[in-house]
Amino acid sequence: MASVKLSGVRKAYGEMEILHGIDLDIKKGEFVVFVGPSGCGKSTLLRAIAGLEQVTGGTIEIDGIVSNDIPPSKRGIAMVFQSYALYPHMTVRDNMAFGLRMSRSPKEEIDRRIAKAADILQLTPYLHRLPKALSGGQRQRVAIGRAICRDPKVFLFDEPLSNLDAALRVATRIEIAKLNESMPDTTMIYVTHDQVEAMTLADRIVVLRGGNVEQVGTPMELYHKPANLFVAQFIGSPAMNIVPVEGSVANGVASVAPKGGRALSAKTESGMERLAGPLSLGVRPENIDLVDEAKALFSGTVTYAEQLGEVEILYVDIGAGEQPIVVKIPGYHAIERGRGVHLAPQKGAIHLFDAKGNAVEHQIL
Amino acid sequence: MTQQVITATITILIGVAGSILYFVGTNWLLDRIFPFRDGASPNAARNHRITTAVRPWLFLGPALLALGVYLIYPVFETLRLSLYNRDTTAFVGFDNYAWLVGDAGFRESILNNFMWLLVVPTAATFFGLMAAVLTDRIWWGNIAKSLVFMPMAISFVGASVIWKFVYDYRAAGSEQIGILNAFVVWLGFEPQAWIAVPVWNNFFLMVILIWIQTGFAMVILSAALRGIPEETMEAAVIDGANDFQIFFHIMVPQIWGTIAVVWTTITIVVLKVFDIVFAMTNGQWNSQVLGNLMYDWMFRGFDFGRGAAIAIVIMVLVTPIMISNIRRAKAETKGH
Amino acid sequence: MDGIAGRKSALTWAVHISVLLLVALWTLPTAGLLISSFRDKDQLAVSGWWTALTTSTQNLVGRADGAEKQVEVDGKFVIAGNLLDGPGQTVTAFGYRSQEPTKFKAGEIADLGDGRGLTVTADGDYIIESDLRIEGDRGQRIFYTAAIPPRFSLDNYRSVLGSGGAGRAFVNSLTVTIPSTIIPIMVAAFAAYALAWMRFPGRALLIAVIVGLLVVPLQLSLIPLLTLYNKIGAFAGIPAKGYVGIWLAHMAFGLPLAIYLLRNYMAGLPGEIIESARVDGASDFDIFIRIVLPLSFPALASFAIFQFLWVWNDLLVALVFLAPQKEQLVLTGQLVNLMGSRGGDWEILTASAFVTIVVPLLVFFSLQRFLVRGLLAGSVKGG
Amino acid sequence: ELMFKPGEDARFNWKSFEDFKAANAALKGQTLTMFGPWRGEDEKLVQSILDYFRDATGVDVKYSSSENYEQQIVIDAQAGSPPDVAILPQPGLIADLASKGFLTALGDDTQKWLGENYAAGASWVSLGSYKGKDGAAALYAFPYKIDLKSLVWYSPENFKDAGYAIPQTMEELKALTEKIVADGGKPWCIGLGSGGATGWPATDWVEDFMLRTQSPDIYDKWVTNEVKFSDPAVVGAIEEFGWFARNDKFVDGGAAAVGTTDFRDSPKGLFASPPKCYMHRQASFIPSFFPEGTKLGEDADFFYLPAYAGKDLGKPVLGAGTLAMIMKDTPASRAFIEFLKTPIAHEVWMAQSGFLTPLKTVNVEAYGNPALKKQGEILLGATTFRFDGSDLMPGKIGAGAFWTGMVDYAGGKAAADVGADIQKAWDAIK
Amino acid sequence: MASVKLSGVRKAYGEMEILHGIDLDIKKGEFVVFVGPSGCGKSTLLRAIAGLEQVTGGTIEIDGIVSNDIPPSKRGIAMVFQSYALYPHMTVRDNMAFGLRMSRSPKEEIDRRIAKAADILQLTPYLHRLPKALSGGQRQRVAIGRAICRDPKVFLFDEPLSNLDAALRVATRIEIAKLNESMPDTTMIYVTHDQVEAMTLADRIVVLRGGNVEQVGTPMELYHKPANLFVAQFIGSPAMNIVPVEGSVANGVASVAPKGGRALSAKTESGMERLAGPLSLGVRPENIDLVDEAKALFSGTVTYAEQLGEVEILYVDIGAGEQPIVVKIPGYHAIERGRGVHLAPQKGAIHLFDAKGNAVEHQIL
């Protein structure tokens, strides 16, 4: 029911500015995920939207109304706090019922909604307990339950699943997704560190860094077309491998080559000169194949290998003082440490970034 | 004068240092005698058991000793006295209690005391809570707090003069020097001798104690209020609770324990209340209370037996509160 | 909560007004005392303190100079002078008989008989003119009605502070009060910690006993204790009355409340922090000193305020446990002694109430800082 | 620094001082702790007396007082750390201390001396004699510093302005009272308020009327409750008080104000303009509550609360006072009692203010002002002297039920009921 | 330096038993990860090992010494609490220094260790701050830093990375792994909900469920040979697909077939009768291929598809009221909802479970 529009939102604690002017336009019904390194200001931004922090600059519009001075309770939001913020003196049931009681919902309605939320979150056996007698994950679920019991225009979730086990997390994630679908008008803003969550839930992802928006886009845009080095490395796990390369343009074709490595030819429509000089080449671990020496762009030895069952992650030292290259190969190969391997990035999956770290659109020839 | 200041400083330092020394010293000693630092030593577990058993008593030691000597011993002494005659020369059994039951003054006091018990703790806690909560939200809150606190800091003699200037009664027609009567006259009513109107005068005396104790309640509750996790209040704000709802549903329940403590403390002050009644009416005009009655028998009547019996009654009245505190402490223990 | 948006609502006004009202109600009586303390002793009993704030019309009695001051002017004997003792006052009416104190308007001439006439002008000047030499050694009483502007004096404070030994009594009071505040806090804090966070048999019972001890009337304990002191004093050959004795007494009398308040507060601290310290290798002693104590500052400070105040304002215990002579006389004792034996010196009381209140208020102000908000913020999650 | 330099002022009996000094030189270096009721201005006065004792003996006297001295003396005595010498105004309390064995008998010599040297000596001896722990009566307390109670204070100029004369009999006093009312004035200022001791001024009234309506013998029996409070004699005395106090027209502020007006405030009405009242019955100490600058004998004066002409009871005088007693028998304490026997110990205080003494050997010229002297003369001229009855009664009555009863009476309760109530309270402590 | 041995450890809160007799033998230097659904007792078990909970039964031996009565401070442990449990009145530095100060470490040593831990955890700019001025992730890092600053015999980590962003999480995970390697004698016990963490860090994983140990084994054992249905479904994300099948034995060969589906032939050495009757067939999403109709074991329509960039997750409804089958296929295919697909599990990756849910060792023929 509500769109959220942030224009130049700033927030400072004392001298220290945490948010440096955030512009963001969230359409009604959209599911937006905030991601970014720890401490980049996600929670602060969420709290600012909720009205829990008075912003020091800019405006927050909810549903087209400038809401800077509208109290949180009038903004039509529900929020899951990163630290849960459960009411310690109330049972789980009462924690969930509180918001509804405040809005004078009829008793049956309250009971119905609590029963439903408890069911989804597998909290039914704990409804009569106090928060202090719950496990970490259970507390977190109560916090989620409290939010979804209400019927807000905007949902704000601050890392709501971080303490849940994988199965429950998937289940809850799906529930949230369903919730989102069943309430097409409800806007959801969601903070997470979990790539999977971000990718699966988001209509759009907002990448924050040090109080600035780095990129906004659909998950696939971010994954396939990261706007800059930071986003490229931040999205995807393990992170994209970055190798410094030297580019030189000749005859309308650029040639980029890692130090002492084979050169790739590339072209771009956004001004060939951007492919000259020191560049960074990025390639995701899952886009690197183990190949014969002949086809290899890099060669090195495996310094460390992780078996995850379905895939294996290799850390390949390519020497020259570079970061090891991480390679993710499907299946179980039991590659031991110390083995020499030859690596080639898949052609379509090569990213190039200029000296400032901004992505350069290109085709590898 | 400087000499005096220096001696004072030294005595103060000795006093404070002595008690610090006790705690540090005994704890050090305990760890010395029963070492269990390196978990490997064969006696470690045993030593640990001993130290865990002993240490609480080290911590409690001075307090228990002081309470024992200064309060528990006198309590037993009082109990003994209550079974003796006026100058403790003959054992009289429960005569003093029997006398109490038949004494009109005692009945009046008990009745008044119950009135006090109903009104004062509730009102003082209520106003204290109001003061604590409301002053937290305004920029001049600290000043307001200090002003509300002031009655606590005024010595009792001062307070009795203050209230003289409030309740003073001059005949209708002459100039009132008590502000209450001045106000009443200004409104066009007859002035009243407030503290001399039976039954009602109790309330006027209660007002004084409420006036004093509100500062106490405010300070303690203010400390408790500030311990409430702010996020819970933020969550409630988001849950759509208004200020009143936050106050009643979120803040009050979280400091309920402290409210109970404040209430209990003031209740006990009320049970003991003596100086206000003593200074304002000395129990006349039917305003007697147990505390003053006891004082009266002890130091006016020199009847230690009866005075002690009244004291015992006062102490017995506190048992319900003790029981509820045992309950609460037990419930807490279950929690962790 | 401070940062929350949109909180400047009508409610804020309601809050301001309620607090104002509360504060007004609570300060009004004290304000009366304060104003009274600057008033003249005799005024206190005859007019309300609030009248001292505005110009008030008062019926006063003055006395003309005696016969020895008369001068002969033009064959008439004249006594002249002024009735008023301060600027800004005006006389509106006067009289010479107590029954008719306002018979004449200012400036009129009153016939005193015997050929004597009296007039008082608005500025207070009076003239008695007589045909004959005026006899009698007392001056004529003159009743007059005057508008008196507010007038305050520091006399009451002067007499309180100027009394000999006030300085020493002040130091004595501090000598009694400071250790009597600090020692019980320490003792109680340790005990409260044990009762809140250590497990041992009989804990709940002990807590209840302490609550029970809150009710023990002080007066009851004085005789047994003093007897004990005397015995110890006689045994050890030291004076039974002294500072150590009173410290211990004040400590013990303050302990039940201290333990009760502190334990309640400490029990509310998040257990995980304490567990965390245990895991970090801290002993109970370390935990108490480094974790619990700093986090209990609000409770410690509030108790300190009260204990300080009680001890500071205490007289009874001081009188019983300290030698009553000047060397160990506390401030309250000093002030009470300033009052006459029959205790009606309200002007002393009013001023001394404010002299004694200063230190507790300072303590309150300085300790109020410790009643901090959000001390526990950020320590645990999960509420 | 001595108040009056020895040998300089002829009014003083310096010889007694020198003699005392000579006899007690051996005490030098000893200390004497002393506990008394005097504070504030009074303390300065008592210190001026003690200075002479110090000067004479070299004893270091440590005097102290407190608001709660009654309570404190009990605590200290019970606990075993009493002062060497205590001076108290309540015979009832002294009796209690004596009966518990906390006091040292002053001995036959002193008893004899009192009988001989105090005017109406026998009554002073009996005032200071109590039953000890052994049950035998002995002199335990030495009366020193007396207050007169039966005084009516007034403003001579107001009387003169209105043309009133000083009444010589109770009948005249009542007539004057009614005349003042007829003139449109209020005759009396009465205030019973006294914080925790509210009610006591009324007991003085009742005692005065007991002495004026009954024989001293009945008074003595009343004080020991041989005559009951509910006795018509007592009830009658109470009602006499009621004649004055319970008539709205007679009292400033009306009868309702009597109970709550503070006794310290009540005399101020005498000096108001116009006067709020013309008379105020109160003891000799009351001038300290007169407005500042009031000159005794000129601005304010007193007359003896007259006796009934119709009853042949002479001129009874009611008084109160303090008594000194030894709580620790040391040479210095003994010496102090001896000191009190010297005229100089009386004269020095007389010469200042607020001190009356029945000691016959003092020079009455030493009284510091005419009013004091006049009081001294009343004291010496009394045909009957009686000590304040409420102070003689057990504390629970004299400082309890009696007060309460009087407050109730002022509030409108019937005298008979009040008497019965007080009697009931008395029965309860027997 | 320390082995940890739990024998029959029980813990009850009042009437309610949370741990039902846990037996576990952790060798010194081992890295053991506890996993299990939220509320299964992981934190409780950790707290029991730390000595923070008095167990109600059984014994805890640390380094061969029965430690039930040894206080936490003497057990030589360090612990990261799920709820951080920071000292709110101490700065980050003091929080980390506290344990060291308690053990009277020299000042330089303290500084050195703090500097190192802060560096690893990227906390250096926050050392002077109080916890309340930190973000959720920063608080969590302080909690970790506090533990690793000390030099305990046993590390206990309770979901230490749940609030960290992916990059930091990987980095910290690697640091913890390194820490583990650099201190071969230090035993680590680690609770996590993150499969990747569990898989990569653990020498052995302990799967808990409702207060019981379900399986203990190396990550690969758990992944490839789950002992029962629960473990099978719990390990791996998305969870293993379970399809009820009917088994019948004839001629020493079992034939298992999903309802109305093609039959597979199987053999087992653990008693062929175990393959008769109702069984469950399990196959991990990543072990299902999209195949032609002929080779398919199941067919169905895609009800929902998630794009994660490198892989795509399909939810395939195979009808007959069964749970949809989840399929994870590498790459980006943009398969729309509603498309019909045919699925075949990879042969070696089929798990069979008997009616009780216990795994049946077998070969698919």
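Per-chain numbering from 1; labels A, B, C, D and E assigned in written order.
The rule is simple: a contact is a pair of C-beta atoms (placed from the backbone, for glycine too) under 8 Å apart; a residue touches a chain by one contact, two chains touch by 3 or more.
Owing to the predicted nature of the structure, the values given are computational and were not obtained by experimental measurement.
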* Structure fact -> Neighbour overlap between chain A and chain E returns B, C
* **Topological distance between chain A and chain D, in contact steps** => 2
* Asked: Busiest chain-chain interface by contact pairs, anyone?
  -> B-C
* Nearest chain to the global Cα centroid? -> B
* Which whole number of Å gives the spacing of the CA centres of chain B and chain D? -> 39
* Separation of mean Cα positions, chain E and chain D [Å, integer] -> 94
* Structure fact -> For the pair chain B and chain C, the C-alpha centroid-to-centroid distance in angstrom is 20
* Can you give the whole-Å distance between the Cα centres of chain C and chain D? -> 32
* Give me the residues of chain D that touch two or more other chains. => 67, 71, 195, 262
* **Junction residues of chain E, two or more chains touched** => 71, 74, 83, 133-134, 136
* Structure fact -> Shared-interface residues of chain C (touching two or more other chains) are 4, 45-46, 219, 224-225, 283, 336, 374-377, 381-383
* Asked: Can you name every chain pair that touches?
  -> A-B, A-C, A-E, B-C, B-D, B-E, C-D, C-E
* To do: Could you please specify the touching residues of chain C with respect to chain A in the complex?
  => 3-9, 381-383
* **Complex contact set, residues of chain A against chain E** => 13, 35-39, 42-44, 82-83, 133-138, 140-141, 158-159, 162-170, 193-196, 199-200, 219-220, 223-224, 233-239, 284, 286-287, 306-311, 313, 328, 330, 332
* Complex interface listing, chain E residues touching chain B -> 14, 62-63, 65-67, 69-71, 74-76
* Structure fact -> Listed in rising order, the residues of chain D that touch chain B in the complex are 67, 70-71, 74, 93, 96, 99-100, 195-199, 252-254, 256-257, 259-262, 276, 394-396, 399-400, 403-404, 407-408, 411, 428-429
* **In the complex with chain C, residue positions of chain E that touch it** => 47, 50-52, 71-74, 77-79, 81, 83-89, 98-99, 102-103, 130-134, 136, 139, 146, 150
